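Consider the two complexes below, in which chain A is the common component and chain B and chain C are the respective partners.
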Partner chain A sequence: MLAYRNISFVIFAVVIFILFLLNIRFGSVDLSWTEVINSLFFSNSESGHGEVIILQYRLPQAITSISVGIGLSLAGMLLQTTFGNPLAGPSVLGISAGSSLGVALLVLMGGITGVSMGSNSIFFGDFGIVVAAFIGALAVLLIIIFVSGRIGNAVTVLIIGIMIGYLVSAVVGTLQFFSSSEDLHSFILWGLGSFSNTNISQSLTILILTLLISLTTLFFIKPLNALLLGYRYAVSSGFNVKILQTVFILFSGLLIALGTAFTGPIAFIGLAVPHIARSYFRTSNHSVLIPAVILFGAGFSLLCNLISKLPGYDASLPINAVTSIIGAPIVIWVIIKGRRLDIG
Partner chain B sequence: MEPDKTLLELAGVDTGYNNSSTGIKVLHSDIRCKVKKGEFIALLGPNGVGKSSLIKTITGMLPSLTGNVLIKGKDIRHMSNREIASEVAVVLTDKISDTYLTAKDVVLTGRYPYGSFLGKVTKVDIDKVIEGFEVVGAKSIMNRYFYSLSDGEKQKVLLARALVQDTPLIILDEPTAFIDSPGKIQIMSLLDQLVNNHNKSVIITTHDTDMALKNVSTLWLLGFNKEFYSGSVSSMVEQGIINRVFDRDGVSFNKNSLRFENI
Partner chain C sequence: MTHLITFALQFDNMKLAEKIFNIFFYILSIIIVSISCDAPVKVDSIDDLFSNIDVSEESLVEYAIGFDVLNVDNNYKLIIYNPDDRSLVLACYYFVADRSISDNKTVFAETIDSVAVFSATQLNAYSKLNVLDKVVAISESDFIRNEEVLELFEKGKIVNLANNGNFFLEKALEIHPSIVFYSPYNLAQKHPLAETNLTMIPFFDFKETDPLGRAEWIKFTGLFFNKQRQADSIFNIIKTEYNKYKSLTSDITNVPTVFSDKYYSGQWFVPGGRSYIARLFEDAGAEYIWKENTNTASFNIDFETVYHHANDADFWRIIGYYDNDGFSYEKLAMENELYQNFDAFNNKNVVFCDSKSTSYFERGALEPHVILADLIFAFHPELLPEYSPIYYKLYK
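Let's turn to the complex of A and B:
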């Protein structure tokens, strides 16, 4: 059993590496494998045409894709465990919408705040968007915590999360109505979601921060497992569950905001990947689930990004369309094939 | 002071809720009692009288309105969850809805108050868990998914979880509910075994009054007028306190048959 898991982990790591290379290789401009290998592993200069494309566009895109895939998947897992709700996820609970509101407030009021969304914006601009996305995500999360503290029923919390999502989207819509067309244009582009809006230093920043938070979650395997038995059993296992729940919610808020700020809200990864990981390894034990979610998150995101580039040459599909088209059937399949989802 | 074998003491405890909008609601007031080592107690009372609230208060999940809950002489309010977890283990009525946890995973959480915060599971943990499954006679289902077990098997697994927590006191909220008659007898004799062979103190809440009267040594009774009684089974029966708490509309507790009967 253990050996089977370890072999699976190794195989998935290899698959991710191959997906990573494929992501670098394919795109609107046709490049050769030689160019890919040379610019990734042997050259620091950006002399050739291909090298520029790879190092300035495709590499950051692939790194961002990996980071956001990991971040959203882990956030989804943390939310599902913390709320004891298999249908929790960044988009379902309105948290991504909260992030959008934060960014909308900042960007659509651009005239006042002086922040622009171009990929070349100054550090303060990036930083401002991350902070805005984080505050927005956290605000929604705080409402959800407040609600779920009063109402134990997971389904009710879910419905309230969805309602908050609608509410926040409506506010964003209203903001859009009153904003200048330039700001609106960049906000709508952001809202469509894309892994291609980051430069190399931004993508590496997201990666490092995501990995830092991911590694930190490995210190919480026991309390996360205890939470699977429910709030009171977790308390009886000796944990200060209130504080831990707050920590997990902060982690997920950070992970969601980190990705969302740079890529726009990305659908389905956060909800789908934990289910795929659980049903593949047939366990909810976080000592297996956390590494599995990290690997599957990176792989799933790279796969979606690759598929979005498949029309090739001029156009690429919106990433959200791809994640949903792949993600939704997977979740349905998991539910039908796997077990009943108990959400009473 | 006498050489004290008292594990748990309730010193003038009021149970109930202090809600900012609805105000203070006292369920039972001035509860005074002690739990000694190796004592087997049944907490009885009609539906909705506040048994679960008392259990929550004893386990530190609900603060007492007044008075002190003392575990080995220490006020529960000044104890961390981890300290409480090494003295009191619980089997609750809460449903565990996860579908990918094995019985072993569930029992392992009973070892979490010990060892490091990290995910590492030690040899001692594993040995304890296997021993726990052996004691409750459920070793064959150790690797099955918890959700797929019958209610009786689930209860045994949760009992094993409480057992591996290595606490002197185990509290079970309605351990025999939803379990068929042979299963109920199995659970009760397991608890009996824990008290007699493993020197544990056990408190259960139950609606299976006649079974409780046959097995336990001490009764705690809760009535609707905020009253609390405790004493040996025979004294509670003789003094008619069971009648005082339970009797209603033509149904009465018969002291001779130890059963509820129509009058």
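Let's turn to the complex of A and C:
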């Protein structure tokens, strides 16, 4: 079994590498493998504009895609375990909406208070957006944890999460009503979601931070497994569950904020990937699940990005359309198949 | 006996009959006079008035494709077409010379004294035709830059009926303008004010892809206020000026290439090859990178496609606005580092229009000749040596 898993991990790592190369190779403009390899590994390739497309456009997009895929999937897994709820996920529980609210407050409030941020002051700083997205995500997470502490029922928490999502959307809508057109424009564009908003240094920063948090979660395999068996079991195993929950929620919030701050809210990855990982390896053991979710998250995201590029066409699909088309059926499948609503 | 009575009556009424005849004649004269002076135009037959006119031959409209105007003895017929399909007539309105009142919404015989205008470009036409006093309501007041309109707005003579796409239905009913001019992007979608039963007339100048066609919509506005002559003369000046500038580029041999707009969140919205700006590029003596495209509106393509086709283009046209001292190459590069890979960026050949400070979107429609001259000055400065651009400036 162990060998099977290890072989699977190796195979998936190879698949991710292939998907990564395909993401670099295919796009609206047809570039040859020679151009791809020359651009990636040798400078001064023959085709100057091919190098720009590969190194400055496709490469950061693919790296961001990997980072966001890993970050959101891992956040989804942590939330599902922490809340004991298979339908928990960044977009479902309104956490992405919380991030949006944070960014909306930052971007749109300027117009209302008279200090216009403008579409050109991005410029309101990358750091500002990450912090705003993080605070927004965290605020919603705190409400969810408060509610779930009182109501054990997973579906009820889910419904409340969805309601919070609506509420936050309504606040964002009201902000939009009063904000200036320029601020609104930049916010709406952010909200559409795209992996191509980052340059190479930003994408590498997201990747490194995401991997750091992901590796840190490996130290929490035991408590995560204990939480799977229930709050009481975890307490009786000697874990301070309150602190653990807070840590996991902070991790999720950070991962979601890192993902959404640069790319806008990306739907369904966080919810769908942990389920794919669980059903593939037929286990909920986090020693398997964490690396599996990291690999599947990266692969799923790269696959969605590749599809959204519509190789051969001049235009590309919005990334959220693709993640939703693939992710939504998985959620429906989870609900139908797992009527017991457990995460085991 | 009966015979006797009849005879007696005839005899008695001989004089009376004369009187009655006089009264009858008098009443008849009044009726005839009143019919000839005050009777409303027979709406059913008003079409007959224009039935013998060939629209394609005798329309007073030369360039615009969204409407036609016919004239018979100072009676006008306005035909509004679906801008996406000219074979579909959306509405016809009649402007009759005599001042009779008609209940029919499609016949305007009296001067219109209160209108709601939801298009900023049309407001500019009101300024030019000197009929701003007829405007009682506008929409999206935050975006209006026209100083005359803003002054009337601040005095409370004009009210705002919409904010960020939300229309104030009750306020519209209270103001009750005679006509609401609106500019729908989607004809299939019912306008929020359609419920009010107000007379709603679409204004499609923004759909015109010919710069002169767009300017010609001033004739449309002029009709409603009996300002046909002023509208015609304003348009004729625009036309003469536009064609004068256009003729400058007819013999040029050096045709620079140009691309347009910017990249936003994964998509680059590129103006179609049959669009308004594409036409201006052509008339200004430049070759638009997507001139072969057949779209009249913008279409979205991926960054790399734009880069692939336009990285070595000579000029880059951008419209928008930047805070704090306007456009600069540093600000453009800050928006997206990828822009620095375009030749037009590196050679400092960005032709930028500050839409905010120039009020381009309000004033530009009626000044296509100025826009054309600006672009010619950017692409071929030698053709207009003394020129000073208004909207589009080449930033060096």
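Quick note on the criterion: the second predicted complex is superposed on the first by the 309 of 344 C-alpha atoms of A that agree within 3 Å, B and C clash if a C-alpha of one lies under 4 Å from a C-alpha of the other, contacts with A are read in each partner's own complex, and residues count from 1 in each chain.
Here, a contact is a pair of C-beta atoms (placed from the backbone, for glycine too) under 8 Å apart; a residue touches a chain by one contact, two chains touch by 3 or more.
Quantities reported herein were computed from a predicted structural model and do not represent experimental measurements.
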item	value
Which superposed partner A:N225 touches (first chain B, second chain C, both, neither)	first
Touching partner for A:S316 - first (chain B), second (chain C), both, neither	second
Partner chain in contact with A:G84 - chain B first, chain C second, else both or neither	first
Which superposed partner A:A170 touches (first chain B, second chain C, both, neither)	neither
Partner chain in contact with A:S236 - chain B first, chain C second, else both or neither	first
First (chain B), second (chain C), both or neither touched by A:V14	neither
Contacts of A:N285 with chain B and chain C, given as first, second, both or neither	first
Chain C residues within the chain A interface of the complex	142-143, 163-164, 166, 264-267, 299-305, 307-308, 311, 320-323, 331, 334-335, 337-338, 341
Chain A partner contacts - residues on chain B that touch it in the complex	59, 61, 80-86, 88-90, 92, 94-102, 105-106, 108-110, 112-113, 117-119, 147, 165
Residues of chain A touching chain C in the complex	27-29, 49, 52-53, 56-58, 116, 118-123, 176-177, 180-182, 184, 189-190, 192-197, 199, 264, 309, 314-316, 318-319
Interfacial residue positions of chain A with respect to chain B in the complex	84, 218-223, 225-226, 228-233, 235-241, 278-279, 282-287, 338-344
